[in-house]
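Right after this note come the structures.
In the two complexes below, subunit A is the common chain; its partner is subunit B in one and subunit C in the other.
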Partner chain A sequence: MKLLAILLCLLILALPASALEVEAPTVPEMGKQWMPHNTQSLAEGLLELVQKGILSLRPDLKEASRISLGILAAVLMICTVQSVSAAVKTTAELAGTVAVAAMLLLSAKSMIRLAADTILEIGAYGKLLLPVMTTALAAQGGISGSAALYAGTALFSSILQSAMNHVLIPGIYLYLALGTGSSATGESLLKKMAQTLKAFLGWLLKGILGVFTTYLALTGVVSGTTDAAALKAAKVTMSTVIPVVGSVLSDASEAVLVSAGLMKNAAGIYGILATLALFLHPFLKIGMQYLILRVTAAICSVFGSSRVTELVEAFSDGLGLLLGMTASACVMVFISTVCFMKGVS
Partner chain B sequence: MQALGRYVLTLTTSAMICGILLSLLPKGRTRTILQAVCGIFLAASALSPVLDLSIPDVSALPSEYLLAGEAFAQTGEEEARRETHQRIKQSLEAYILDKAEAYQAQITADVTLTSDGLPESVTYTGAPSDEIRQLLENMVTEDLGIPKENQRWSG
Partner chain C sequence: MAVFWKTAAGILTAVVLVLAVGKQEKDLALMLTMAVCVMAVGAALSFLEPVISFLYRLEELGDLQSGVLEILLKIVGIGLVSEIAEMICKDSGNASLARGMELLGSAVILSLSLPILETFLDLIQRILGEI
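Let's look at the complex of A and B:
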């Protein structure tokens, strides 16, 4: 009898999971070239992604350096003109600032577009990945937890998307405009307004992410406990039926839970890598531009051109906000995927 | 981009006009008043795009997403139940065939389950002797809890 039960267990475990199929959606076109070959192992996939990301930075570094050199050349010209004639000091500084602003606005526009596209792609991929992870977690027994996780992640992604379209991107443009205005005219009111706007945008991003993580933490505790209790109750019910049937029921249910968990984790790892493939290159590109602008601002301050320094700093701060915005969209998908992968404790 | 350019130009021009006006006036009461007026004017020019911002209504989204989440979770639950039932059915049939083989009977068995996944009935196909039929039916009743009236023979 015991041997038969063991054989039955082995038979159940050996059965293929035919009905329950969980697969992460394929990575979108934008991230295809960055997607690692090995999508089974998170560590190896991450390593390959980082390698690809670093290797792809060379052309971006060139472009960023070109802008930086342009700004430095403009600053040198302003300094030269100012040293030749003190009478044209203000005019030279104003003209130089406007020239540098025009240069930076072009580059900032492409960076804002890149960040917006990346967030859109990450959001669209997240919308495809979430139902898969929800179904898989529910199949693993996390019925209430999966629905709550889905609702929270989808809601906060929508809020972030809305905030990006209606507040964050116009806000960044407004911040750049205020920064340009304050640098060109030296008006302290504009500078203060720019600083307030920057603080508000930063606070908005942190706020959305903070509320989202708090929601996930609470959902994890509350729904996780409910689902774990439901699973335990189901196991107790199974053990009360006739011994042979009870053992078959329990083994079949365990095998389905295990296979659902395995498929869910594989889909989760693929999903994380796909999100990273969409996110990493744009993030590194904007990050590179940000760092180079910071260095440029430091060099400009050595030449003594405070207005251009302020302008470059304002643009680098704008890029910093873009980095935060892009990272928030990615982190949202990451955290929710990890919560789904954690499953029912 | 054009709108942004226009905005920067308006803001810069406003700031420059204010700067020129203030630099022309000597220190005094008039200058202080003008300074306040310029400040209000600049603030209004800078904040004018904020008035165009439209915040979308997201109040209906939580219930919509919760419903969608519940629908996805239900799909997962149903798929898992179907898969579990399939495994239970296969295991029970394998159990019956294994016992039948021990009685040296060549049969097939088709088990049906209740919605809870418990065995409900079985249909045997084959022609073993009455004694073996009795043995099998007794075993299935005892081990699997399927009453004799729910055990049928065909073929």
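Let's look at the complex of A and C:
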């Protein structure tokens, strides 16, 4: 009997790895309500996710519109007061900038917190998902490839999180402070400092992503050809929809498309949908706020209030950086997962 | 609009009167100028009344900090009064008094602006506090 049990155990251990069922970790609490019911098909799941995401934007749209209306009311108030007397010009501009900045700060803080939480959640989920995918890929013989991919993704993901905590988020707050100061005082030096800081933050984000995609290309985990039209469409979409890092992501779109075409693994599809469930709602929420601020800035410029326009633009640029940050975290896990799936399937 | 036409006519008549009287009675011309200026300000205020209620509506609509509009309106009033007083001083040939009036107006505007400056500093501190 004992011999039979030992033989059975040996038989189980000798089973090919492909026969083992790889299961992705369940989606965290934050993304549970956005998770599609159908997690078998990527296209259907994506469609459901996008539909849910768009439908859920209504209250956020209302809130963003309220803030936009408040900014326009403040601008109109300043312009009206300024037209009565030139003596009040400086004070009115200062008062207007302070009022608008106070209004925007509350929403910017909540957006920054949302982006930071999303990146942490995506990172934490990636830490659960990628070992599962690594095990599956290694079991099929791709030990060196899976190790390189896992090491790279884990390294760049932790670099992004560390940069976010220590440089990007404090940098965004500093940028907002400089933007507010330059708009309130009209000081060009502060404006230049803000622009330099924004460029630095953009370069940092682009740098991390650029090195990550280069690493993937160098290790050869992503290779192949894809439909030229689909590639062009993906590049245009990524570079226009995602601010700051859109161009870097569009360069990586070939990798995404090639790998996406090979998705046949249920665990990987679940993992990608779970990552997108964590990412999509915050991205749409911040993106909508970003677009509404851009439109508000354009309307403010019609009234001729250049300082408030600059301030609103500074806050929308800050949100643009947040969008870039969130998209980078998601794309890192996404690319890695589809790369693993390429090996597993 | 009748108030505007009447006030404009009154101001133009006063200009002619001031020119005519000013040669012999400078004091009287100055008094007339001041009286007509007060009348013009009064007329302007009657037009500004709906503008002020519109500004309060904007403040409510924008959910702006209460008190900011009051400060701005006070500054507008002080700015206008000090500007007119300064011009009257200059017209009467008292450049030093005009400068004194300008200084007084600026000092009052600056002191009224202090709460806004403090709010600005608080705001910057709040943003930097998040770092």
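The criterion applied here is as follows: the second predicted complex is superposed on the first by the 279 of 345 C-alpha atoms of A that agree within 3 Å, B and C clash if a C-alpha of one lies under 4 Å from a C-alpha of the other, contacts with A are read in each partner's own complex, and residues count from 1 in each chain.
Methods note: a residue touches a chain if its C-beta (ideal position, glycine included) is under 8 Å from a C-beta of that chain, and two chains touch if they have at least 3 such contacts.
All of these numbers come straight from a predicted model, not from anything done at the bench.
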item	value
Subunit B versus subunit C as contact partner of A:L149, first or second or both or neither	first
Touched partner set for A:S158, first subunit B, second subunit C, both or neither	first
First, second, both or neither for A:M193, with subunit B first and subunit C second	first
Touched partner set for A:T134, first subunit B, second subunit C, both or neither	first
Partner chain in contact with A:L57 - subunit B first, subunit C second, else both or neither	neither
Touching partner for A:S85 - first (subunit B), second (subunit C), both, neither	second
Partner chain(s) touched by A:A74 [first = subunit B, second = subunit C, both, neither]	second
Partner chain in contact with A:A95 - subunit B first, subunit C second, else both or neither	second
First, second, both or neither for A:A184, with subunit B first and subunit C second	both
Touch count on subunit A, higher of subunit B and subunit C	B
Subunit C-contacting residues of subunit A that also contact subunit B	98, 101, 105, 109, 170, 173-174, 176-177, 180-181, 184
Subunit A partner contacts - residues on subunit B that touch it in the complex	1, 4-5, 7-8, 11-12, 15-16, 18-19, 39, 42-43, 46-47, 49-50, 53-56, 58, 61-62, 65-66, 68-70, 72-77, 79-80, 82-84, 86-88, 90-92, 94-95, 98, 117-119, 143-145
Of all residues in subunit A, those that touch subunit B in their complex	4, 7-8, 11-12, 15, 17-20, 98, 101, 105, 109, 130-131, 134-141, 143-144, 146-152, 154-155, 158-159, 162, 166-167, 170, 173-174, 176-178, 180-182, 184-187, 189-190, 193, 241-242, 244-245, 248-249, 251-253, 255-257, 259-260
Interfacial residue positions of subunit C with respect to subunit A in the complex	48, 51, 54-55, 58-59, 61-65, 68-69, 71-73, 75-76, 78-80, 82-83, 105, 109, 112-113, 116-117, 119-120, 123-124, 126-128, 130-131
Subunit A - residues contacting subunit C, complex	69-74, 76-77, 80-81, 84-88, 91-92, 94-95, 97-99, 101-103, 105, 109, 112, 170, 173-174, 176-177, 180-181, 184
